[in-house]
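One structure is given here, and the rest of the page talks about it.
Naming follows writing order (A, B and C), and every chain is counted from residue 1.
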């Protein structure tokens, strides 16, 4: 079990000594029991930090934001940033480093093991609580313990955990500077890619109907892209109607830009958006599941990204975020790579 | 359905002139109605121009409201729609809707001295004021134009400005000295100071790059111009022109409806969000 | 007109509404949304994920088609909304109050013919909230109420095995008159019960924006506050808050080309969002709202300062969607209260 005081002490100590310029972590939000991202810069704020099953967010996104901000103001980082990272989050950080988005020494990883569990799925919880509201939740071994108006409610974690956590193979941040909690890699809550495997057991017609339905439902709020640490491109190919321009961008650049998709949230455009995004995540997505969690209309985006992840794994033995020194999937090849994967 | 506020009228390009060449080229276009008459407008108002397949862009109407046969637009090549404009030929048909926004209260300025201070493409929004005032010369006292470009090649409406010298004072400037240039060398705000305009019974209008506007206003204040004697225009990204699409607002005002013309006194009361 | 409707007869009422497309809350893919319903309507929803604003202001509206053969003048063909009437059942009071706010925007200055063409064909049949459907409801603090009839044509109140149904507008009376026989006169006990239910609804504790009438001045004084960037630090710049909002009306207009030669395409209005980084970006690259702080300030000030300055009421109706659905915890109640509290 992780003692939150240990995380707070670590943060406090580093901020006091000036070893990091900020700690990105989780704090209690203003919306009931839910945690939210926090960016603390002074030792006194360390007591804000929390660690519980509502720490959904993949905070490595904010390392990307920080990097962009520094580039915008044309400054170099004066000190590293510390970040609280779960297994999947730490793997995202590794991918970002593989892609040279920042260097290892720019980041101090405060790893947290998900141990036997993972994060909560609010939708699953809602069904269990039947309209009641929980004001707090805590880990307790294999259970989540909720505080509600009607008293304490204990639920087995696996009944209300996010699918991504059930299927997670390595719920432990192997890349870290310091780590809290036991490494429970090897636990078997659900088989890897279980949801995908179930989905793929259906026939082509059923799968097409399923996706047509969901592609029609996307409202193109771009939350999946915005919440994804891997979607860091300044100019996104799937949103080329509007894109950042600088004083250096020429009129030709702007005029000749190809509109791969239109703004209309209709099936054809939504397919191009979501499929292109999935392709661009192949070998990069660490299945943190934030896209699917953020989606306000419950488009099962993970299924698309999982598919790419499994292809990378089965065809090329590639595991995104496994090691900083290793090559990235699309920037490397091996003699034994199959040649028949493009049909 | 009642009048479709988003449906443009068709207009034919009757005249194209290259004003400024280079990366940020400026061309002047005159457009005539394809059928019937175009809308009437007032000095300082804008119109939404369309190139079908490319989109729309809000541009100030550079011709005087006294001219009914055509509307004039001077367009800098900066983006998707403006670049497409630069590829047009005489006879091509575009879309046009408007007029949008408020206007310079030129009728209130009868009997006053007018100082019209422009830089770069910023001559276009004040051009209707200049040409209307000159056409109604007797209604105004002294009319003085200050206009500057980075180099002599960046001066737009060159021939028209030269011709205006017959009836009003025109002071042209360029940023750095060039051989054969007999006008002022230096930035527009300094060019204004150089002539020492007198604030008594005067109105000053300034349009151009934001940094120029800022220093022109500072200098005018130094000369004794009160905030309510100084006018400028602001621009923000616009899509509808009708106060609905929600992106051109500065505080509570949609620039497409309440602007683009503001006295410095009014503008100072709004948040700096332009 | 006040009547009683047996809950079991609601489907008969709907069946009697010939020529109306009936929209009701449907639970699908784990979310509630308004969808066409035929036969049966369920009104046991908390609130829908998206507000019903799309019926009058759809996410995509085609203005006209254009067609041009090279060397010829373009031909424009207007696209006009159809005349289908829609009756939306189960509209919560906050979403009802969204309707007059949208009306103000689209009728101000000049009337938006597309909005108006659709709006006149939509009837809103509301359902009072006997208790707050979400933990983030705050209608009472923004001038609303769980039993507000603002913007509704009919208000229904759940009285257990029957509904108390009240016509608010002439359209509402018409909807009820279409199935007059189904409705009974309310008894004195019904009247008493409805009063009781409404009183309890209003008494339920809710989250609250504090002193909403003082907020515009406080926000005005806080334009340059560093709090905006601090509160917006986690913002990811997505469109959830605005797309789900019952009163957000910002849109984009684009040409969508379907064929290059001959040129064929459509001019389309689509929802847009002030939290997208490039929403206000000029063609030159200059952006008047360059960071998440400036953009959060715009969203909050629009609802709580600019709209009150222009129309005399907050634009926010307290539905709480932007709070519940924000993936990173940005909470408009918290933001308004904090900024107001720290105002100079």
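The definition used in the following text is that contacts are C-beta pairs under 8 Å (C-beta built on N, C-alpha and C of every residue); 3 or more make two chains touch, one makes a residue touch a chain.
If you're wondering where the values come from, they're calculated on a predicted model, not measured in any experiment.
S.K.: Based on mean C-alpha positions, I'd like to know which chain lies farthest from chain A.
M.R.: The most remote chain is B.
S.K.: Which chain has the mean of its C-alpha atoms lying nearest to the mean of all protein C-alpha atoms shown?
M.R.: C
S.K.: How big is the gap, in whole Å, between where the Cα atoms of chain A centre and where those of chain B centre?
M.R.: About 49 Å separates the centre of chain A from that of chain B.
S.K.: If you average the Cα atoms of chain B and of chain C to get two centres, how far apart are those centres in Å?
M.R.: Chain B and chain C have C-alpha centres separated by 39 Å.
S.K.: Just curious, how far off is chain C from chain A if you go by their C-alpha centres, in Å?
M.R.: So the centre of chain A lies 31 Å away from the centre of chain C.
S.K.: Hunt down the residues of chain B that sit against at least two other chains at once, touch-wise.
M.R.: Touching at least two other chains: 78-80, 82.
S.K.: Which residues does chain A have that touch at least 2 chains other than itself?
M.R.: Counting only residues that touch two or more other chains, chain A contributes 245, 254.
S.K.: Scan chain C for residues touching two or more other chains and write them down.
M.R.: Answer for chain C, listing residues that touch two or more other chains: 252, 254, 257, 279, 281, 283-284.
S.K.: Tell me, which parts of chain A touch chain C in their complex?
M.R.: 29-32, 34-39, 57, 61-62, 123, 131, 133, 214, 217, 219-223, 225-227, 241-249, 254, 259, 262-266, 290, 293-294, 296-298
S.K.: Spell out the part of chain A that touches chain B in their complex, as residue ranges.
M.R.: Listed in rising order, the residues of chain A that touch chain B are 245, 250-252, 254-255, 257.
S.K.: Show me the residue ranges of chain B that touch chain C in the complex, using the header's touch definition.
M.R.: These residues of chain B touch chain C: 1-8, 10, 12, 34, 50, 52-56, 78-80, 82, 93, 95, 235-237, 239-240, 242-252, 257, 271, 273-274.
S.K.: For chain B, which residues count as touching chain A in their complex?
M.R.: It is residues 23-24, 77-80, 82-84 of chain B that touch chain A.
S.K.: Would you tell me which residues of chain C are touching chain B in their complex?
M.R.: For chain C paired with chain B, touching residues are 63-64, 66, 68, 73-74, 76, 78, 80-81, 105-106, 108-114, 116-117, 223, 249-255, 257, 263, 265, 267, 269, 272, 274, 279-284, 288-289, 294, 298, 301-302, 305-307, 309-310.
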